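First, the structure itself, so that you have it in front of you.
First chain written, first letter: the chains are A, B, C and D, and each begins at residue 1.
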Amino acid sequence: MSLIPRLEEELTRPPFNAWLGLRALSAEDGQVQIALPFRPELVGGTDPEFVHGGILASLADIAGHAVAAVSLGQPAPTIALSVDYLRAAPAVELTATAMLRRLGRSVVRVDVEIHAGERLVALARGSFNNPGGSA
Amino acid sequence: MSLIPRLEEELTRPPFNAWLGLRALSAEDGQVQIALPFRPELVGGTDPEFVHGGILASLADIAGHAVAAVSLGQPAPTIALSVDYLRAAPAVELTATAMLRRLGRSVVRVDVEIHAGERLVALARGSFNNPGGSA
Amino acid sequence: MSLIPRLEEELTRPPFNAWLGLRALSAEDGQVQIALPFRPELVGGTDPEFVHGGILASLADIAGHAVAAVSLGQPAPTIALSVDYLRAAPAVELTATAMLRRLGRSVVRVDVEIHAGERLVALARGSFNNPGGSA
Amino acid sequence: MSLIPRLEEELTRPPFNAWLGLRALSAEDGQVQIALPFRPELVGGTDPEFVHGGILASLADIAGHAVAAVSLGQPAPTIALSVDYLRAAPAVELTATAMLRRLGRSVVRVDVEIHAGERLVALARGSFNNPGGSA
């Protein structure tokens, strides 16, 4: 069964996710890909324009949570998130690819890569709580 | 001379910061405090309502950058940001306190604490680039 | 009742801790302090000599785990550890101060500061698993 | 020209690296692989025996630094290191694979994976200073 409907629910139900206008690109076991269209409120600075670092962190959190939640079949609250900013993200649509690295009994680990076209602009890693998992 | 006007510029000039509606609470050498008023688009989930983790990361990035930029007198691009989520952040105004931990020649380190009233909801740590600093 | 004996057990029972020759300085509810004497095998580089970054990470992990374990009364496996290196650590005895930031039902958060004399050389933050805590 | 001799120098010159008894497995542009033989002083706990988390952090720091230094042709001091512990590391030889993710003008980013045989036991990410790079 397709995981796309579950991913789309992730991307549209929370009000902040809805405001961002995220789009599901793909969802399979252990990996999801989502797109964040550009809108002027996302800008963090000019000359030249770039997308705000907080928006990249938000995109990483959402994509990371999505792959955890889609895999677990339930929400997985974020324990911790770290983002490495590699380059300024240009004011264009961004894509985030979230990969499950370990679905542990208590903690789910996820890697996220954010691209602007072909360019890698940020790396992120998140820990999410597996609510049903602990003894 | 008061650092508040410089902090206020940080909080209003970037379009995403302006959209968030941030308010300067205090600015002194090595520490700034800012407030993020609640608005419905910030919600990450319901039952009960909480503020989205990406918004907490954004607030940490902005407060961390602000203390670095106010101290350096120029922008300091974020190198890396990590956020530890301690509790769900209730749907109320949040405050962020950013403390300079080390103003190094190439890297500026900042700690950020986010509170909802008296409750500590998140800890963050950021590295920012000191553009004028390296040899 | 003094927490020092429990801390000393933490610092001497694991073979790597014993090899490091750690010493308990203080232990109270929510905070422990330990000392790492210098020995030549800890050197990471010369001209001038400094203590290896991996040793600083080890010291942070041990101090963070110690405050979690002393508070919980049982081992708390490390989930994640991040270390920010602020300055080269000189080839002298180092002290680590670990502070409990949140003893959550599933995750314990700890901040660690490492000093060489009066100089802060590294900041660390760790997440530890609360084995008895989850529902 | 083979990068193996340069990697071997990285693994044997610093006294702590020498104490660990590290072995170069492979070195190519942008990726190095090293092995850490087991020795009893590396143990962090028993029942069953596992390798200390500080040793895994040390191995990640060394492998990350090695790929940065081999690529730059000079030392690259660690700015920050984060380690996610996925499973207890059994008391056997471990291998670390370090991959260059971005060689920036001021910061070099590296991902490290640590395996015990086929099992992934830890993920790490490091930032290293590019000493010759900044303007």
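Following the convention adopted for this analysis, a contact is a pair of C-beta atoms (placed from the backbone, for glycine too) under 8 Å apart; a residue touches a chain by one contact, two chains touch by 3 or more.
All of these numbers come straight from a predicted model, not from anything done at the bench.
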| item | value |
| --- | --- |
| Chain pair with the higher count of C-beta pairs in contact (C-D, B-D) | C-D |
| Most distant chain from chain D by Cα centroid | B |
| Separation of mean Cα positions, chain D and chain A [Å, integer] | 28 |
| Where chain B and chain D are represented by their mean Cα positions, the distance between them in whole Å | 32 |
| Gap in Å, rounded to a whole number, between the CA centres of chain D and chain C | 21 |
| Chain A residues counted as touching two or more neighbouring chains | 79-80, 82, 84, 127 |
| Contact footprint of chain D on chain C as seen in their complex | 14-17, 19, 40-45, 52-55, 57-59, 61-62, 65, 75, 77-85, 88 |
| Residue ranges of chain A in contact with chain D within the complex | 82, 84, 86-87, 101-102, 104, 109, 111, 120, 123, 125, 127 |
| Touching residues (chain side chain B, partner chain D) in the complex | 79-80, 82, 106-107, 127, 129, 134-135 |
